[in-house]
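First subunit A sits with subunit B, and in the next complex the same chain sits with subunit C.
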Partner chain A sequence: MLRRFRLEEPESVQETAELLGRFGESAKIYAGGTELLLAMKEGLVQYERLINVKKLQGLSELKLENDTISIGALCTHYQLETAALLKERLPALVELERNVANVRVRYSGTIGGNLCFAEPHADPGTLLLALGATLVAQKSSSRREIPAEEFFVDAYETCLEADEVLSEIRIPVPAAKSGIAYLKFGYLERPSVGLAIALKLNGGISDARVAVGCAGPAPRRVPEAEAMLKGKSIEEASRNLANAGQAAARTAQAITDLHGSQDYKEHIIGVLLKRAFQRSVAQK
Partner chain B sequence: MQFEKEVEIGVPRQKVWNFIWDVDRFIACIPGCKEAKTLEPGKRYTATMVEKVGPFKVEFPTTIVVLESEELSHIKAQASGADNKIGSRMKIELDVNLREQGDKTVLGFTAGVDILGKLAALGHGIIKRKADQVLDEFAQAVKKQLEGES
Partner chain C sequence: MSRPMLRHSDAQFIPVSFTLNGRLQEIEVEPHELLLDVVRDRLGLTGVKRSCDVQVCGACTLLVDGRPVSACTTLAFEVRGRSVLTIEGLAKDGTLHPLQEAFIEHGGFQCGFCTPGMILAARALLDENPNPTEEELKHFMHGNICRCTGYKKIIESIMAAAIKMRGNRA
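And now, the complex of A and B:
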């Protein structure tokens, strides 16, 4: 049962940050509520105050700014799944969003809430790492941009300070010749493993970013695997996929749990890396 | 969940043994453990364990019972507690072993940890990882305390 709480309704990001600063750990931001309210109903967390940010202006916008796709933190998964801009410029994110949880979650859950809750089995963080996204955090009087790979600290833990509000996700528009894929696999409600690849293709592979998530405590980029693909021809890189998969498996810090044993997850990571690579190079 | 740790401490066994029974100093080495009280010296103690994973916090008022103790070499203890706020229980079976290695001591412990109730919803893997971190920090803190004073 949901316990009593006070609902604060700030009118700006600055006011939200001030409330967070004033009430500290007794308050929490409430956006879609798809994770938070479940945890509160279960009694796993208790807050005296929820700070409702759903009415904040400007945080639900999705736009193209020069070479950057700007996604407001309050954009819902459904909004991203159906956005014409993303369908045209970043179909891999559309596909990911289309497969997040179920339609009820996608309709109310927000991308910002998903990232801030940092549930280890969430999908978007992994792809954002591969896309080189930055996350904008605002306080009452300052603003900073955080590379996605620095944002996730541990399970359920981000690098956001107590009075910081995630306001925007900024993704560089992928180059014309690029291949991007996010694949996941699982047999429960949430995935056991998620893996993302973003390649710049110029006949060969001029740049490669690889990220792995869901298997361990937080999504992680895999520079070791990237080095095995970058600067190689597609044939050369294809020969390195098994080693790249092993590097990704090591980086994932896979945990044995209901979603599978460590060995199982590490094996699946290798399989997904191979398939994601094949799908990415097929987009050239 | 089963855990095993060993830490080599650069002081003689007697000193490590004395330290274990110096409750206040010993408890200070366990991350998140506070308010230790001796109910019956060498037999029963209470303490409060506070742990945090992201926004999830647990507070277990814990009773520790020493089941066996063999001078300078072995202690078997059981700790149990419940967090009624979130409806979860914890039980730890702990074996502590001391072994001489030259002028050093190897402190080894085996812990069987059971977590029951809603906290388990966080997932076995996440809890195991947290418990592992706590045990590592504990082992390093004991080493630092003892080697620091010699």
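And now, the complex of A and C:
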């Protein structure tokens, strides 16, 4: 059962930011509602006002701008799963989105809502870290770009200010010779572990980004693992995978919970890192 | 986090005009009212079921503009200007939909609690993809749980209906 609240329906980002400024913590942005309404029904959070942002113009667009893929924060998982642009330029994101929750959640839930809610067992954040994505936050009169790796502060906590609205996700188009993979594993509705790798391949590995999520409070990049892969031949890097997996496991800050014990999750991180690497280099 | 909640005198009412099983419906809802409660308790259509209440099981599946939603986690005002289909609206003039016929013919249910959601989700699948592979079917229907675990018969039912519906279209 939901408690009674009021609904605000702003028509611009500016108006939304003003409402957030005026009502502070008693109000919350509402888009797809797939995370927020569950928490409200459980009584874990309650708000006097929800601010419905689905009427905002221009935030549901998905487009290519020079070498950047621009994803409006209101794009649904289903929109991303079926987008021709992404199928061509970023199939790893299509595969991730295709496997988010279930079809009903994918029709309703938005990428922006998923990121802002910062539920630890969410998929997209981890891949966005590996892709070097930037998140655009807007206020009434200003706009800033936040690197994805700075966005997630803790479980259910982002670096957004109280009156900031996430409007767009910007992803650099991967270089022609890239290997990108996101793998997850879990036995409940949400994943226990998620792991993403993005490699630039030039015969060897000219650049590597590794990110791990779901196991701990927030998705994290793993610079230590990246250093073990970057600048190496594929053979050399392959020999470092066990160590890279251990580095990723340490960085994940895995916790023991219903989704598995800390040890178990750390083991799975190592396994997923090897598999994601193998899948990435096979794309050369 | 305890804050005083709004008193009833502050209640906000939103006019909602929508199509329910092909008929125009005009009601007023408060922002917090869930589509599931409005359809079951206010409009009297009890085919849609509350089960897990967290968008996992699919028993509360309704089609909104042809796409499956979890009515348990959809705010009722969201159907403004849209078209809602419940299991009660699937048969036409007393004739069952091919999916309903196939579920009967192939024993696609046991206790029947998941069936309205199963059939509506299957209808959305076949509208989008009239000739699904078994893998595509399983992927689409992954979010509809049969607690009796009668999945084999459900898959057979949907596949049989797909063949029949393709035949009807040709």
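Couple of notes before you dig in:
Everything below uses one rule, namely that the second predicted complex is superposed on the first by the 284 of 284 C-alpha atoms of A that agree within 3 Å, B and C clash if a C-alpha of one lies under 4 Å from a C-alpha of the other, contacts with A are read in each partner's own complex, and residues count from 1 in each chain.
Just so it is clear, a residue touches a chain if its C-beta (ideal position, glycine included) is under 8 Å from a C-beta of that chain, and two chains touch if they have at least 3 such contacts.
Note that the structure is predicted; figures quoted are calculated from it, not measured.
In the superposed model, more residues of subunit A are touched by C than by the other of subunit B and subunit C.
By the touch criterion stated above, A:157 is placed in contact with subunit B alone, subunit C being left untouched. By the touch criterion defined above, A:146 lies against neither subunit B nor subunit C after alignment on the C-alpha atoms of chain A.
Contact with subunit B, but none with subunit C, is seen for A:258 once the two complexes are overlaid on the shared chain. In the superposed model, A:118 lies in contact with subunit B only, and not with subunit C.
After overlaying the two complexes on the shared chain, residue contacts for A:101 are found with subunit C alone; subunit B is out of touch. Once the two complexes are laid over each other on the shared chain, residue contacts for A:28 go to subunit B alone; subunit C is not touched.
When the shared chain is aligned, subunit C comes close enough to touch A:3, but subunit B does not. Look at A:45: by the touch rule set out above, it reaches both subunit B and subunit C. 45-46 are the residues of subunit A that lie in the contact sets of both subunit B and subunit C, per the superposition on chain A. Residues of subunit C touching subunit A in their complex: 1, 3, 5-6, 8, 10-12, 14, 30-34, 53-56, 58, 61, 67-70, 73-75, 77, 121, 124, 139-140, 142-144.
Within the complex, the subunit A residues that touch subunit C are 2-7, 26, 33-34, 37-38, 41, 45-46, 48, 50, 98, 101-105, 107-108, 189. Contact residues on subunit A toward subunit B in their complex (touch as defined above): 28, 39, 42-46, 118, 120, 154-157, 217, 255-258. On the side of subunit B, the complex with subunit A involves touching residues 53-57, 85-87, 118-119, 121-126, 128-129.
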